[in-house]
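Shared between the two complexes below is subunit A, which has subunit B as its partner in the first and subunit C in the second.
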Partner chain A sequence: MRPSAEPPTAPDLYDLAVIGAGCAGLSGAVTASELGLSVALLDASPQIGGQFFRHPAPATGAARPEALHHDWSLFTGLRRRLEASAVDLLGGHHVWSVVREGGLWAVHAVTGADGGEERAVRVRARAVLLATGAYERQLPFPGWTLPGVVGAGGAQAMLKSGLVLPGRRVVVAGSGPLLLAVAASLAAAGARVPAVIEASGYLGYARHPYALAANPHKLTEAAVHGGALLRHRVRLRTRTAVTEVHGTDRVEAVTVSRLDRDWRLVPGSGRRIACDALAVGHGLAPQIDLATTLGCATRTTPDRTTALVLDTSQETSVRDLWAAGEPGGVGGARLADVEGELAGLAIAARLRGHPARRGRVRELERRRDRMRAFADAMAAAHAPGTGWPQWLADDTEVCRCEEVTTQSVRAAVTDLGARDARTVKLFTRAGMGWCQGRMCGAAVTCLAAQHGSAEALAEPAPERRPFAVPVPLRALGSLDDPAPAPQTVTTD
Partner chain B sequence: MPTRTSSDVIVIGAGVVGAACAYYAARAGLTVTVVDRGPVAGGTTGAGEGNLLLSDKEPGPELSLALASAELWRELAHLLPPQIEYEPKGGLVVASGEAGMAALRGFAAGQESAGVRVKEVPADRLHDLEPHLAPGLAGGYHYPQDAQVMPALAAAHLLRAGGDRIRLRLGEEVTELLTGEGGEVRGVRTASGTRLHAPYVVNAAGTWGGRIARLAGAELPVLPRRGFVLVTEPLPRVVRHKVYAADYVADVASDSAALQTSAVVEGTAAGPVLIGASRERVGFDRTLSTEALRRLAAQAVALFPVLGTVRALRTYAGFRPYLPDHLPAIGPDPRVPGLLHACGHEGAGVGLAPVTGLIVAVCVTGGQLPLDIAPFAPGRFAAKG
Partner chain C sequence: MARTPADLVGTRTGPSFEITFGDRPVPARPGQSVAAALWGAGILAWRTTRSGGRPRGAFCGIGQCYDCLATINGQPNRRACLVPAHPGDVVVTQEGHGHASLG
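Right, the complex of A and B next:
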C-alpha cells in the first residue's frame, strides 16, 4: 500500500479508481490490485473501514476497538491485504463528481484542510468501482428536531469512533435490523435502553423462510443481539412508533403509540417513556449520487429506497462503472465484501483480458445471491407503511435545513401544482439546504405522492445531485483543463 | 368556469410563459385550460434564475418587449403575493479594462435612447454599490430597472391568481392537435385519450415548443441551449445587485454553439448566491460539464474574491428555448387558424412572460396590442418560396 494524503506523484492515470474504503471498496481494491491492476482507493475519511468498521483514531488509545464489532476479523483480513498491496490509498479525499473525459473516467475530489486550504484533485482511471455505502433514512415526527434526538446509525458511529454516549437513558426507535445492533451497543457501553420501538412487526420475516434458512449467519447475529438485549433487560416493542418528543431544551420523554399494519396510529394507545435521548432511524438508503448523475439505471428496493441496477458481474448500466455493497441495495458488510471481490475480478478480466476465475466467481455469485435474497426479505419486512404521514402535525418541520413545515409541503401540492419532490423543493425550498434533501427527501417524496392528483404517479426519478459533496468555489475554479478536451467544451 | 373538457383557450405548458398567458386570458374574461405533461414549472422555468433584465439587451424588438414587460412585472408585484420574491435590485455591469469600458459606454448610450435608465459608475464608486467587488476594475454601468423574481413561484401564483377561470391538467401530455374541416384548431388530445376542446390553443411549451408546432403541421425551429447554474451555501448578503462582466452581452447575442460562460452573480432572499449561466448548444444533454462549472466558479471568484472559500452546494442544468434569430415566437400562426405561439424566449422567458401573456390575450379577444409584434411573427421561419 502507498498511504498518502497527497495525490500520487506518478501520472494520475490508474486502471481502477475505487470510491469508498469500507468493506466493498477494500475488497474490490485488493482483489484488483492482486491481479495486477493499478488501483487508487479514495475515501473522505483519513481512516479505512467505512461506516461498519468505523473505529477510534489511534490518538484516542482505544485498546480493543473490536469490542464493538462483530466480524472484526473480516476487516483485519482486508486491512492486511491492503497493506501488502500496491494500492494507492487516498484518504481525506471528498469525491464530488465522476465524469467521462476523453474515453476515461475522471474522479474529481477536494482534499486538504477545511476552510480555504482545500485543493481540487482529479484521478483518472479506465474503470471506476463505486463503493459509497449508505446513509440513514429519517422520517419526521413531532419533536424530532429537539436536542437529544440523534440518528440511530449516528449514535452507533459516535460509539465506534469516540466512545461517546448520546445520553444515559436512550430510547431506540424507528425501523430496521440496525436498531437491535444499536440498542445492544448502547447497552453494552453503559447506557440504559428502556425500549426498542420498532414500527414493523418482525413476523414479516416469517414470510421468507427460505431466505432465513439459507443465511444461518444472520440468525446467529440476531441471536447475539437478542441475547445482549435480554441480558440488559431491553424490551423490543414491535408495531409501535415514537410519535411525540417531550422537553423544552432537550429530550425529557417520548410518547410511544401502537401502529396498525399500515403504520397508522391506534388512537388512545399513547404511552410516555422517560429518557434523555432518542436514537432513531428508518433503515439505510444507498448512497448513489455519483451514479445517478451519470444516468445509471436504478430500481426501487422492497423498503422503497432507490438502488442501482447491477448485472451479475456488479457492473452498472453504464459501461466500465461498477458498484459493490450498499449502492446496489443495503445488505451489510459480508455481502459488501463478496460483491467487492466479484467486481474486482470482473474489472481485472475486462481490462487485462484474462479470463475470470470461473470457479471462484460461481462460488461468490452463489453467496451473493443468497445474501441478497435475505437482504430483500428484511427490507420487505421493514418497508415503511403508507400511514406514517398521519403522525405529522401541521407545524412539524419536514426539512430541517430550510425549516419547511408539513403544512407548507402540503400546500405546495394542493395549492401550487407540485406533483413531485422536485417541484415541492422549488416551491418551498425543502431539500435545498446543506443536506441537499438527503434527510428530508424520503418524506417529501412520500408527501408529494400522497397528495398529488388521483392519476397514477410514475415512479419518481432519483434525485440528481451533481455535487456529491459541497465544493469550495476556488477549488472548482482551479480545475485544470481536461485532456483531451471533448468537442463540445472547446472555446473559439 | 370551464367545463371539464371545454374552455375558451387551451394553453400547452405550465411554465411561467404559459402561466402568464393563462393569467391575462383569464383577466380578459376567458376560461382557460392549462395542460402540462409535468408539474407547474417543470421545465426551463424551474431551472431559471428569474432574471428580469434590460441591461443585456441591445436596442431593438426584444428590448421593446422587455421594457413593456418590466412595467407589467412592477404591476404584478403588487397584485401577486410576496412569495414570488419580486425584488427590483438593479443590475451592475462591470468592465475590467478601458477598452471594455468604452464598449460598454457605447452600448449603454444606445439603450438610454431606447428608454432604459442607465447610470455610469466610475471605478472609485463601484464599491459603494458592491462592497465586496474585486479591486482594479475600470468601471461599470448601473441599471436600476433590472429585477428578479423566483420563477417557479411566480408561475404558480400567476395560475392561482386566475381563480376559477383557470383549470390545471398536470401530468397530461398533449399528443395530438384536433382540427376542423377547414384546418382550424378545435382542441387537443392527451396521452390518456382525453379530448379537450377550445377554439384557441396556445403553444407555450418552451424548449419543447417545436414538437407542439409539428403536431399542428407547422415548423418552428425551437432548439435547446444548455445552461448550468451554480448555487452556493446560504450567506448573509454579500452580493446586492445582479453583477456581471461586460462579456455577458456578447455571449447572449452569440450564434456560436461552443461553450460560453460569463458569470452573472447575485444574492437571493433565501441566502444562497446564484452563479449563472453557461451557454452551449449540445441538445438535451444533462451530462455534467466540469469545464462549464470551472469557468463559472473562476469568473465569480474573479468578480467577488470573497466567494473563493464559499461552497457550491449544488448545480443544475436547464435548456433555454432559442430560435435562430434569438427572438421569441409570439402571436397567431398564419398556417393554422386558432393556433398561437408563445415560446422561444431563450434565456429571457421569465422577464418577457407578462408581455407575452398580454399579447396572446389581446390576439384572442381583440384590442390594442402593447407594441408591434411583427418581429415575433411565428411564420417568419417558413421557407420562402
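Right, the complex of A and C next:
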C-alpha cells in the first residue's frame, strides 16, 4: 500500500479500479496487485473492512477491536497483504458513477466523510471490480419512524465503529440470521436484549440438509451466536413480529404478535414488551445501482432481492466489469473473500493474457458454489411472507424521506391504477427522497403488486438510479474539467 | 462481563472532548461520529421532518437512509452517522430542509 506520507501522485490510469474495501474488495485488490496489476481501491469510508469488519477508528484507542467480531484473522490477513502491496487506497471516496469512456472505465467519486467536501475525483481503469456490499432491507410497520427504532445492521454498525448502543433494553426484530449476530453483540456490549423476534421459522433450513452439511463453518457460527444468546438469556421467538411501537417522541414499548406461515397476524396474540429501543431489519439487499445503471443483467434471489448475474469468473454481463461479494447475492464475509480472489485471478488473466492457475481457481469455485448454495437455502427460509402488509395502519409512513403514508400508496394503486413502484413513485413521491428508495423500495413494490393478486409478492424491479449517491451539483459541473489526481488517503 | 461497549473492546481513552447539542454539552470520544456521540449521551433525535415536523435521528447507521441529517457548525444536511466529531462542534436540531435559519 502506498504510504500516507507520500504526496498525492497517484496516476489516474490503473489496470483495475476496485469499488468497496470490504472483504470482497480487499481480497480482489490484493490478489490482482500481487499478480502485477496496478490497482486503485476506493471506499466511501476512511477505514477499510466494510460492514463485517467495521471497527472503531484508531483514535478511540480500542485495545481489543476483535472483541466485537469472530473471524477477525480473516481481516488481519487481508490488511497485512494490503499493507505489503502497491495498491493505492483511496479512502473517503464516494463513488457516484462508473461510465465507459473511450474503451476505458471512468470511476467518478466525491470525497469527504459524508461526500460533503465536493472534491470531484476521476479514476480511469481498464477493468472495474464492484464490491459494494449490501444494505439492510426494511419493511414498514406502525411506529417504525419513532426515534429509538433503528436498523439492526445499523445498531451493529454504530456499536462496532462508535462503541455506542441505542438504548439499555433493546428488542431485536425482523428476519434473517443477522438478527442473531446483532443480538449477541448488543448483549455482550451491555444491553439487555429481552427477545429476538423472528418472522420466519428456522425449520426452513431443515429442507436443505445438503447445504448445511457442506458448510460446517456456518454451523459453528450458529452455535457461537446460540451460545452467546443463551448466556445472556436472550429468547428467540420465531413466527412473531413487532406490529406496533409505542411512545410519543421515543420508544417505550413494542407489541409483538404471532404470525401464521404467510406472515399474517394471529388475531388477539399481541403482547407488550417494555424496551427503550428496537433494532429491526429484514435481511440484506445487494448494493448494485452502479451496475444496473450500466445495464448489467440481474436475477431475483430466493428471498426476492435483486442481485447481479455473474459468470463463473465473477464477470457481469458487461465486459470488463466484475463483481464480488454481496452484489452477486448476499452470502457473508467468507464468500466475499473467495469471490474477490476469484475475480482478482480472472482480471489478471484477462489483462495479462495468460490463464489463471487452474488448480487454485477450481478449489475457489468449489468453495464459492458450496457457500452460495447455503446462502440460497438461508435466503429461502427468511423470504418475506405475503401477509406482512396487513400489519400496516393507514397512517403508517411507508417512505420515511418523503413521509408518504400507506393510505397514499394504496390510493395510488386502487384509485389511480399504479401497478409498479415506479408509477407509485410518480403519484406519491414514495422513493423519491434522499435515500433513493433504499428504505421503502421493497415495501412499495409489494404494495403496488399485491393489489389484485394477493399472492403475488413482487420482485423488486431492477431500478436504474442515475447516481449511486446524491451528488453535489458542483461535482457534476466539474465532469468536463480535467480530473484532479486522486489523493491517497490512509487508514489505520 | 463487560458492561459497556468501551469496556468490551478495552478502550484506553475516556471521553476526552465535548461537542454541543443545542445548549447541552455532549462528551465525545476521539474517532466517534457525531451520531455516535449523541447516542452515547442518550440523544436519539436531532432532526424534524419537513411536513410532519416529527423527530428523527440515525436509522441505518451506515450513510444510506439520510434520516440522521443534522446541522453541524452551521452547515445543514450533514449525515451525522458519517461525520466525525471534532472538539467544539456545534450541532443543532435540523428543522425541515434545514435552510430556514440560515437566512
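Here, the second predicted complex is superposed on the first by the 456 of 492 C-alpha atoms of A that agree within 3 Å, B and C clash if a C-alpha of one lies under 4 Å from a C-alpha of the other, contacts with A are read in each partner's own complex, and residues count from 1 in each chain.
Convention: a contact is a pair of C-beta atoms (placed from the backbone, for glycine too) under 8 Å apart; a residue touches a chain by one contact, two chains touch by 3 or more.
As the structure is a computational prediction, the values presented were derived from the model and not from experiment.
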Partner chain in contact with A:Gly417 - subunit B first, subunit C second, else both or neither
first
Given the touch rule stated above, what does A:Arg334 touch, subunit B (first), subunit C (second), both, or neither?
neither
Go through the superposed model and pick first if A:Gly190 touches only subunit B, second if only subunit C, both, or neither.
second
Of the partners subunit B and subunit C, which touch A:Leu163 in the superposed model: first, second, both, neither?
second
With the two structures laid over each other on chain A, which partner does A:Thr293 touch: subunit B (first), subunit C (second), both, or neither?
first
Tell me which partner A:Ser97 touches in the superposition: subunit B (first), subunit C (second), both or neither.
first
Partner chain in contact with A:Arg124 - subunit B first, subunit C second, else both or neither:
neither
By the touch definition at the top of the document, which applies to A:Gly433: first (subunit B), second (subunit C), both, or neither?
both
Mind sorting out which residues of subunit A both subunit B and subunit C touch, each in its own complex?
116, 433-434
Inside the complex, what are the residues of subunit B that reach subunit A?
14, 38-42, 46, 152-153, 156-157, 159-160, 168, 170-172, 192, 230-234, 256, 258-260, 270, 272, 275, 280, 282, 286-295, 297-301, 307-316
Which part of subunit C faces subunit A closely enough to touch in the complex?
1-13, 29-33, 35-37, 39-40, 44-45, 49-52, 54-67, 69, 75, 78-79, 81-84
Of all residues in subunit A, which touch subunit B in the complex?
97, 99-100, 106, 108, 115-116, 293, 295, 402, 415-420, 422-423, 426-427, 429, 432-434, 436, 453, 455, 457, 464-467, 470-474, 476-479, 481-482, 485, 488-492
Which bits of subunit A are touching subunit C when the two form their complex?
44, 51, 56-65, 67-68, 113-114, 116, 135-136, 145, 147-151, 153-159, 161-166, 188-190, 249-250, 277, 400-401, 403, 433-435, 438-439
